[in-house]
Structures are given as C-alpha cells and as structure tokens.
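Shared chain: chain A. Partners: chain B in the first complex, chain C in the second.
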Partner chain A sequence: MSSPQSPPPTAPAAAPPAPRPVRVPVEAIDRSCRWPVLVLVVLAAGWLVVAGALAVLAAIKLHAPGMLAQHAWLTYGRVQPAAWNAFVFGFASLAGLAMALWMTARLSGAPLRGGGVIILGALVWHAGLKIGLLGILAGDATGLEGLELPPYASPLLLGGYLLMAPWALLTFARRVEAEAYVSQWHLIAALLVFPWVFAAAHLATNFLPLRGVLQAAAQAWYLQNLQVLWLGFLGLAAIFYFAPKLTGNPVPSRSLALFGFWVLTIFGSLAGQVRYAGGPFPAWMSSVAAAAGVLTLFGVYAVAVNGARLGRGAAGRFRESVVLRFIALAWLVFVGAGALAALNSLLGVRQLTQFTLVTPGLDYLWTQGVAGLALLGALYYLVPRLLGQGWPVAGLARAHFYLAATGILVLAAAFLVGGLAHGAALKDPQLGFILVVKRYLPFAATGTLAHLLWLGGALLFVLNLVLALVRCFQQAARPVWQAWWTPQPTGPQPAEVKP
Partner chain B sequence: MSLEPRSTTSSHPAPPATVPDLVPGPEPAEPRTGTAFYTPIWLVAVFGAALYWATLYVDRHGGGFNPMVFTPGELLADVEARVPRSEADVLLAKGRQVYNTYCSACHQPNGRGTPGQFPPLAGSDWVLTEGPNRIIRIVLDGMQGPITVNGVEFNNAMLPWREQLTDEDIAAVLTFIRGNKDWGNNAGPVSPAQVKVIRDATAARGTFTPWTAAELLTIPVKD
Partner chain C sequence: MKHGPLMFLGVLAAVLASWLVAVLAPHFQIGHEEPILIEELGINYPVDRPGEAKQGAEVYRAQGCQYCHTRQVRQEPLFADLTVTDLGTNAVETRRVVASLRRDLAGVDGRRLPEELPRPLLKHVSYAAAEAALRRLTNAGAQVELTLANLGPDIARGWGARRTVARDYLRDHPVMLGQVRFGPDLANLGARQTNEMRLYLKLYNARLELPGSTMPRYPYLFEERRLRPGQEPSPDALRGFGFEPPPGIEIVPRPEARQLVAYLLSLKADTLFYETYVPRPASAGAAAVTNGPAAAPPAPTPPPAQP
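Now for the complex of A and B:
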C-alpha cells in the first residue's frame, strides 16, 4: 500500500497560497451524513417491504387471477405498477440517493453539506410517492408503463429530488483530490441524468403530451435511461466502490473503466427503442436503437474485465464479507443482463422475444438484480458507520443475501426460459392464444416463489434495521433516562467526591 | 498522479486481515484505480469496426432519418405467399411459379411478349375475356397459324402443355396471367374444375393437334 511516489515536498513558501484542502477523517464525514442519510435509508427500507409485498400480490395474480379480484384497487393492473414504482422510486432511488450522498462525501474527503434540506427533500419525495402510489391504486395511473405516477404526484418527486441531489454535487465540488474516482463518474452522471429524464418523459406524456406513437417512443427512451443511467449507474457506483474497498485491490484499469463509462453513457441511453422494435415508429428510431444496443456490449465488456480482475485472489474475502457478496452478485447480474440486452437488440432474436416474458425478465434483472443487490450491499456497509455500531444480528444479513440471490436468479431463470418458450409458442400458428398463455403459467408461478424469497429477505433487512435503531435509541436515551430517575443526591456531588 | 493511493485516515494502519463490513471497524482505504493495463488496442479496433457496422446498419435500415419512413414490415407479396387468403390467392402464388417456369421464356417475365414473334399476355384481348374457355384450350393443346392480338397479327406456334401441366397448374397459371395487377390485368380466376371439363371434352382431338385462331373463335368464351 505504500505510495510509489514520495509525497510532494512541503513546497517553498512562495508558491500560490491556496492550500489543498485536507481530507477530513472518515468519522467526521460519517457524522455529517448521519441524519440525512439515515432518514433516506429508513424510508427506503420501508418501501422495500411495501414493494416486495405488492410484487408478490401481482405475481400471484398472473397465475391465480381470481384472488382478491373483487377489490378494484387490488387488481393486477394497479398492483403491478404500484409494486414497480414502489421499488424503483421508493427503494432503489432513495437508497441510491442515500448511497450517493454518503459515497460522494467519503470519496471527496469532505463532510456532507445540506443536512436539513436533504431531510426535507426526502420527506417531500416520500410524500409525493405515497400520494402517487395511492393514486395508482385508486385507478389514477397514467396508461404508460413506468410513467404511471399521476400528474399530481410526479412534480413532488422532482421537487424532493432537487432538494437532495444538488448537495452531492456541492459536496463533490469541495473534494480534496481533483481527479474523480470511477464511482464518482457514475454517480454524477446518474444524478444529472435522472431529473432530466424523469421531467422530460413526464412532460412528454402527461403534461404536454406528444402526439400518437411518439409518447411510446418517449416512454421507451425514459425506461432505458432510467434502467441503465440511473439504476444501472447507481449499481455500478456501488460495485466500483465496494469491490476494491473490500478486496483491497485497486480497480485494475482506469482507462478501461473510462472507456466503458462513456460507451454505456452514450449508447446505453440510445438503445431504448429496442423495447418496441417492429412497432409503428419512424425507421431511424428502431435502427439507431438496435445498433446502439449492440454497441453497449463494449461497455459491459469493460465492466466485466475490470470486475473479474478485481476479484482475482480475493476468494477468501467473499466468504467473509456479506457486502462483497451482494456486490459481486450485482456485478455478475450486470454483466449477464447487459450481454443479454445487447443480444436482444438483434432483430432475429427480437423476433422471438418481443412481447414475451423476456422483456419483464430483463427489466427485473436491471432493477432488482443490478440496482437492488448493489444498493442492499451498500446499505449493509454504510448503516453501521452511520450508527457507529454493527448490525445487531449478522446472521440475518447473511440469510438476506441467500434469499435475495436465489430470488433474483430464480426470477431471471423463470422469465427468460419462460419467455423463450412463450415466444416459440406464439410463433406456432397451431396454438390458440389461450394455450400459449397456459404454457407460461408454470413460469409465472415460479415467479411468485421468487418474489416471496425476495420479500422474505427484505423483511430480514428491515428487522435488522429496526433492531439496530432501537438499540441505538436505547443507548442514547439511557443516560437521559437514568438522570431522570436517579434521585437527586443530597450529599456532595459525585464529581466533588472524586479526588 | 493516478498511481498515488488515496490516503487512508492516517490513524489506521495496514488493512486488517478480515474485512469489517457489518460492524464499523478499522476503515479500509478508500478505493483507487490502478493502471495495470490500458484499454487494449484490439478492443478499440473492434469497437471502431462495430461503430462502422452501426453506421452501415443505420444507413441501411434507418430510412435516412426521414420521420415519414417507418419500419418496413414484410412485403405484401411475402405475406400473401406465406398466409394465403383464399383459394384464388393460392392459385395466384402457384401460378407465378408455373408462369416463370413454363411461359416466361416466350411471353417474357413482364408479359409483353416479343413483337412479331410472341404475342403479349398483358392487356391481351384473348386473355381478358369474360371466361377462360379459349385460353384453357390454347394452353392444353397449343396453337398455330395467324392470330390477331389487340389488333396486331402474329403467325407462329405455341407448344401444347396437356401432358406436362396438371389441371391445377393450368388453372393457376391462367389465374395468374388474368389477374396480374402488375401487368394491368384484372380478370377473374380460373378453377381446376373448369380446366378438367375442357381437358376431358377435348381429349378426343388427339394429342398434338394445335388449335387455330379461327377454330377457337367459334367457341364461346364462357359456358
């Protein structure tokens, strides 16, 4: 770990006076993050469970549509978007912001600024999402997948965001070292992309609607950017931060990471229209998307190579560290999902997979697989630092990893394999549509199992978090409590007794 | 510069043997990047090639970025060949094949024939009659001698196809030439049953007895 270069000599006094800011000790940084980031984490944890429960409900309805069907607000068309929004905007975005704020402060070597405003922003966002979700369940969802939040809720989310995210950039501006680290590239790209994509897509569909199919084009663009440049980049930021930190190896090639970053930023954002390949869109949209989709493979390759080299010789660390396991699996899912998505942009493949379970399967891999797993890993790491004490039951975290990992792998397998079977059946003119639907029932049922596993893991996480908070509260309250109950000593004060 | 490791909080010595992750322990150093290798040159080369392919792809499929050019689906002819709509469409698709195999050498792929030698089928007053009775006979047993097609005189010989082509083939090729919109023809289809009736009725003429125009003109075009 010794520096290959000797530290710069304490320069001659004549040098320009602006001194390099000094790296603040991590304890001080963590203290500056404590309240705002904890609030975000607690809100995110709540949404994780809500999203998990709604997802289980939605999954069951795919194979048992009669269940609870008498309540309109519990029908599939409302529960499914509610689950997606709760996960993406409730868990992933809030946990992502929590991680982004904390990680930026850590990497910048500067304390986090904006504490109270960030908390306010978190509450505004949270309130907006709550209103939005109730709106969706009440039947106010807009008709476009991913943009379901009703127009009276989405501005609140954006407002909350604008109270939170700028603080990451302002803290970054005060960084100690001029050169930004890999995770910071991804974080800053993600933080800048999200408000633009979110606002533009809601404007283009709900406020100043574009005409005709262009709404769907805007939606496809939005979903792609949300998945790759927001959720995916949050995931990559976590991967590039925790993997080197916990294995002790540096990211092998900065140059390759930079190459991958730009390829994903440029081409990842263009590939959205693949979702509607073959649809009634101007030809340039579909063909640009297909070409860009194939090119993203280079970005995925860069992440794959850097990651694989990073993990070399660190097998022991994986056994020890739960966080590292979450991170490694998120990396694996990123590489797998990225490669599959690139493959899926080829026309020949798309002809088989279009309008099958493959599309939601890939979506799950991005949201839950990449962002979900990586952010869970990040939360497991940062919460103890904020509280100043470890997780109460380490076993719960370990169990959570296994539940989440099997959940996501079973889900991916069910949807990808089921999607291919589904696509092949759709192509067969001998099969009536209802027979095709029957064919994918077993896969849908497997999906329910996967969501249950995921929900179980989420519950363990929340239980652990609640225990940790209660313990912290007790410790903080005990002195006050004792002072309150201990009868006022009549004799001389203890301080005076002590010699 | 980038080689320089980010400083750890100096109070902590070398990283601990076990990584503290679930408990706050001695904090491992903040991560850093290395320069173990640069982006491999072959990767840049392959990426350049892929970029080139992408431009070609967009050029070929992108409709020149014209917002009015939409993603082409299948050509109508391909769709109809794959999913025949009716019996007449089946005949039409088959007729195209028969025509290309047996007739186009003389009457030309565009149906316009060769001036002075082979009469046209496109717009021909023999082909576009109300019923197909005469042209079924021409294809079955051939034809020779003078014939006036759209006011132009031809005097040549056409081969008989009685032995080579089935009722269905003949019905198909005649449906095709009568209904070929590319040629501007728009007359009704011919059914295999119609061909069979005439084949049986004219079997007694003996093979290789070509028709003459004069003979055919005595036969009503339609039963």
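Now for the complex of A and C:
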C-alpha cells in the first residue's frame, strides 16, 4: 500500500520552485481539482488502452496483409489513423488538460474553478472523439494525415475544449504571484495555441478548403504545431514542474529556459514544411522550413542543459520515484527527438529519410515519447493527491515504466535504423520494389513488439487506476453502508447536517 | 516574467506569423492558379477526371491508401549535359560562343579551339545554364543536344517522367500526397499500368502477383457469386494472370472497386508545361522499370525551349 513517490500524498508538496506568500493550502487546491481532473484522467486512461490496442492491430496489419482483411472497418488505412487520433486526442490531450488544470491551480496558489463545466467539456470532447473515431473506421476520414476527424466530429472537440481550457486561464489570472513559473509559460502557451491551430487547420482543409497542395501545406503547419507547441509544451511543462519538485534542485537557469521557450515557439512553429521538403510546392517553402528546423536546435539545447543540471546528484531519487523516471525519460526523448528532427530538416538528410520509417518514427517519438511519457509521469503523481491516498500496487507502476520505456526505445531504434535502410533501398532504382519491402519489413514488424509493450504498460496503469478508484469508493461508501445497516439509535436526523 | 499578457500575445503572434509564412504566403503565390490550356494536346491541364474516377478518389480516401502510397515524384536539383553535334554554317560564330562557354578550351577569340569539340561540351551543369548555352549555340546556327545528367531515383524507377508540381493537384480535394512509401508512388500509376484486370487482382489479393507483397487485401470490394451449373462467369469476373477462382464461384468487382480502378487509371502527372521545365530525354522512362511490366509513358509534348 505504499505510494511510488517519495513524498506522502497528503503532505504539502516538497519545496515548490519559488516561495509563495499567501496561497490556498494545497489540500484545498487538490480538493477543488478532484472531480473535474479525475474525470479527465479516467477518460484519458480509457483512450490510452484503446489507442494501444489499435496501434498493435495496425502494426500487425502492416506485415500480415490477409489478417481480418474481410472487414472494411479494420483495414490498415483506417486503423492506423484511428490509433493516432485515439492517442493524440484521447490520451495525450485529455491527460494534458488534466495536468494543465491541476498544475495551474497548484502553481497559481488558487483553487480551480469551473468544476462542473469542465466535466461537461470533457464529456463533449469525449463524445466528439468517439463519434470521430467511429467515423474514421467507417471510412469518413478526411484523407489528410493528422486531420482525419470528420467534419461532424471536429467541432465537438473544439467545443469541449472551449468549455475546459479557459478555466486554466482564469485560474492563472488569479495567481498569487505575478511572476509566472517556467511550467506556466509552456502550459499557457500550449493552451492558447491548440484551439487556434486545430480550428485553422480544419477550416483550411475541410470547411473552406484551400486549393490543391495548399491543403497539405496547412496540414504540415498543423502537425508541426501540434507536435511541438501542444504535445511538446505539455511535456516540457511536466518536465519543468516535476523534475525540480522530485530532485529538490531548482531550475538551474531561468533565462536559458526562457530562451529555449521562445526559440521553440518561433522556429518550432515554422518548421512544418520539412515534412514535404522538395515536394510540389514553391521551393522557398522547403528552405524556410529547413532553416527553422535547424534553428530549433538552440531550443532543444536549452532544454538539454537545464534538464541535465536538474538531474545532477539526484541519482537516489530516481530509484524511489517512478514519476521522476517517466519525467527523466521524457526529457531524454525530447532532447533526442529534437536533435534528430533538426538534423532531419537538412535537405541532404531529408533526401534520404523522406518517405521512410523515419517520418512515422519521429512522429511517435513526439507523441508517445515526449508527451506520452511525461503525462504518464504526471498522472502517477497527481492521481494519489486527488484521491488522498497512494497507488494500490506500487509494483505495477514500476513495471509500467519498464514496459513503456522499452517500448519507446525499441520503436525508436527500429524505425530510425529501419528508416535508413528503407531510404537507401528507395534510392537504388535497380532494386525492384518488392525488395524494398523486404528491406524495411523486419523493422516495421518490430514496431508490433514495441506497441505490444506499450499496450501492456497501459493495461497495468488502468488496472492500478481501477483498483485505486474501487478502494476509494469502498472507503467513501463504508460509512454510508454502516449508517444504513445499523439501526438508527435516535430519531430522524435533520437533512442538512452541517451549515 | 511579470508581463503575462504580453508574453501570451507574443506566443500568438509567433504562431500567427508562422501561419502567414507557411500557409498564407504560398496561398497568395499559387492559390489562384488555374488549369492551363495546352494547345498541342487541346486540353486544360490538369484534366478533370471522369465521374467514375472522381467517385474512386473517395474510395481511395476512405480505404486510406495514402497511408502507404505517396503521390509525389521527386527530382533532385537538375543537371544537364550539352553536346554539339554540328557546328553549322557559321562556324566562326559558333566557335566564338563555344569559347565563351568553355574558357578552359581556348582564348576568347576561339581561333585556337581544337578541331574536335569535346563530347559532351558541358557536363553536369545546372539545367538553366545548359538551356542558356543551348539557346546561344542554336542562335549561332549549331545543332545541339541537351540531355539530363541526373534523373533521381523516382524517375529512374519509372514513377514519372518529371517531378510533380503544385498545378498537378489543382483539382484534388483532399490532396493525398502521402508521407511514407510502404508501397510504390502512384502519381503516375495510370501512365505505367493500364491493365484493369491487373489492378483488380492487386486489390483483391496482391500476393497473387507478388508473393511477398504486404499490400493489404481488399476482398470486401468484390462480390463472390455462386455460378449455376453450366453458367458462364460474367465478363468482368476476375481471371487471368495466373488467377483461377474456385470452381463454381465467380468474383466480381463491386461498384467501389470499379470506381477505384477508374481513379487509379486516371492518375497521371506527366503533361509538360512551363513550370515542369524538365525536358523528357529519350532514355528516361526506359532506365529501370521496377514494378511489373509497365507500359512506356505516352510521349509528352516537347519542351518549349528553342525560341
């Protein structure tokens, strides 16, 4: 019955990054977050498993073309986008919102407002995503990777979002301290950027479509912003919040963090066209994106240096805290994926890696690696605070970490190395295409193993969460049951007990 | 950071700027492109697809073919070779031009040029330079041959006669460029694969033709019908290329399969116009055709090079 983290759940959080004078006690803040954030966490956990199962299915279908082939709704071209959408909009976005709401309240020293509306928003989003996913499986996907949600579903997500996210901004506006903390920059930026990127891209491709390849330009812009400014910044917010908290070290350089934040915002936002470098677009678009992509390296460098110094001398803490392990690995993946993405924007490199496994490989690193790992770490930290008690089986959390970590590393290795083999094969016109398939297939098939490991971890997380909720429910219900079963000693009680 | 609002205005400004640069600027540049009239062929390129093929685009989208197939042909920055085949009647003038093109060969007067010009005269120069030289030499009366020095793997594979450009996609919505080549590029499938039955069989079971293929099966695009004894299978039932349906059964494409194949046959991006300045050298398509016996792409119009 021990919590996997070092500080006991109900104790006030260890050394917040900066002293804060007048603030609501953390217990009160956690209580204000309990219901809305728990609803988000439960929905996110469900999507995590759905996304994992769909990803396993898609990965198998990539090398077993006859499997379940008679079902149109399970064809590769539908299961693959369904898995991506379930992960990004189901798990990552909902868990990200859960963390954003809770973390803003904690960092602002103000209780979270808007509980009921947030729950309503979460349900609207959830329903929209469900409809959208069924639409994708039914063949209604829009046809643009990343923007598949059909036009009858995407507005629901946006509507749900607009019911949830403003409460984080309102809470932030009532913060105790004027000076915002590093995590808050990333959170607020992410929260502001997401709706605008999502709406603009769906408008430009579905509702008021631009002509021809401009749709693909909007799509590339959207995917880049979604990966860096939404998923990436949610990950960075978690990294800069939990790493100082759990290692006990303050963020080494605030100005370096600020520098990194701006570099990633400005250049990270602009590098999308790397996806279609050399494609049927005006040539300057590839050049601008390549330059921006290389410049993001400075932002990655800032995160790398700050993170490395944060972890110094904290080796012991890694052993105690699963949260810290998730966070540290997310940081490592951020630095690795960021550096590789910058390298990949060089036109010479891109000529080799384009159209190969490297493209989905890097996408997986951003979605599952950075956002997925960081947000899992965040959930492992915040759920016990909301429930007021630790995780039922700490060992499950540890096992989850190892499964998720191996899954990500196997996937990265297979897709990046396999991508080079794939690229080299595509570059050789003497090689018949079926031989190209033979070159990349073993690596693509390894993806199945990676997704299975990830799914196994996800199941452990859900099991742990269900156990925690059941136990909580039992404890909450016990007094009620007892009061119900034992005959009442005195006369009827007044309905309203306490003022 | 005490200036919260200012900072968040900054973030929004940054994202707005990237939208302006990455989406709106190209929109102002190429967003008003219209199909162009190509007089030699009497068509407005890109050609509007026939109705069945248009429905096929929806089938293609709904099955998610673009998750494995790209539809964009790449061309590395282009290099060309230039060979003088005949000096023409005004040899003095031609030699003067040659000398100014190849200063290493002789002084500017061109009198000390070797009798035999090197072949090619210009090797692996940028395409624009080769074209400029070609113009000067033909103006001087020489006969010149321009050949492409590099085609890039896509064109060498026979995936197209030239790179694809923005105008090729003017009539597509959604545009399905694709990002991964788990399967071959399909931008010019209709130019290299004209046999409907092969395409039906590829969709029904790609392993019939290529045993190791990972192209998914799409049996639900076909209908299995039982044949009465003595009944002939209908003319469009799957057969041939080594495929024999089980006895007493015929397998007939459903309307979706017909539409999809009509669409696949309409996939062509090989018409030449000024944006696709790449001339088609005689040897391009023949280099290495790797995906089955492809028909040679139809000869496109010659480049509008010589004035």
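The definition used in the following text is that the second predicted complex is superposed on the first by the 466 of 499 C-alpha atoms of A that agree within 3 Å, B and C clash if a C-alpha of one lies under 4 Å from a C-alpha of the other, contacts with A are read in each partner's own complex, and residues count from 1 in each chain.
In this text, a residue touches a chain if its C-beta (ideal position, glycine included) is under 8 Å from a C-beta of that chain, and two chains touch if they have at least 3 such contacts.
Just so you know, these numbers come straight off a predicted model, no measurement behind them.
With chain A as the common reference for superposition, the partners chain B and chain C occupy clashing space. Of the two partners, chain B and chain C, it is C that touches more residues of chain A. Applying the stated contact rule after C-alpha superposition, one finds that A:93 touches neither chain B nor chain C.
Once the two complexes are laid over each other on the shared chain, residue contacts for A:309 go to chain B alone; chain C is not touched. In the superposed model, A:209 lies in contact with chain C only, and not with chain B.
Shared-chain residue A:446: touches no atom of chain B or chain C.
In the superposed model, A:71 lies in contact with chain C only, and not with chain B. Of the two partner chains, chain C is the only one touched by A:351; chain B is not. Judged by the touch definition given at the top, the superposed model places A:384 against chain B, while chain C stays out of reach.
Judged by the touch definition given at the top, the superposed model places A:227 against neither chain B nor chain C. Applying the stated contact rule after C-alpha superposition, one finds that A:171 touches neither chain B nor chain C. After superposition on chain A, the stretch of chain B that runs into chain C among 8-16, 116-124, 188-196 or 206-214 is 116-124.
Touched by chain B in one complex and by chain C in the other are residues 179, 258, 278-282, 288 of chain A.
On the side of chain B, the complex with chain A involves touching residues 1-7, 9, 11, 14-15, 18-19, 21-24, 27-40, 43-44, 46-47, 50-51, 53-55, 57-58, 60-73. Every residue of chain A that touches chain C in the complex is listed here, in rising order: 61-63, 65-66, 69-72, 75-78, 80-81, 139-145, 172, 178-180, 185, 188-189, 192-193, 196-197, 200, 204-205, 209-218, 220-221, 225, 229, 258, 262, 265-266, 269-270, 272-273, 275-276, 278-282, 285, 288-289, 351, 354-357, 359-360, 422, 426-434, 436-438, 440-441, 444.
Those residues of chain A that touch chain B in the complex are listed here as 1, 3-5, 23, 25-27, 106-107, 109, 177, 179, 181-183, 240-246, 248, 250-259, 263, 277-284, 286-288, 290-292, 294-295, 298, 301-302, 309, 317, 320-324, 380-381, 384-385, 387-391, 394, 397. Put simply, chain C touches chain A in their complex at residues 1-2, 4, 7-8, 10-12, 14-15, 17-19, 21-23, 26-27, 29-33, 61-68, 70, 72, 74, 76, 153, 156-157, 163-184, 205-207, 210, 212-220, 287-288, 290-291.
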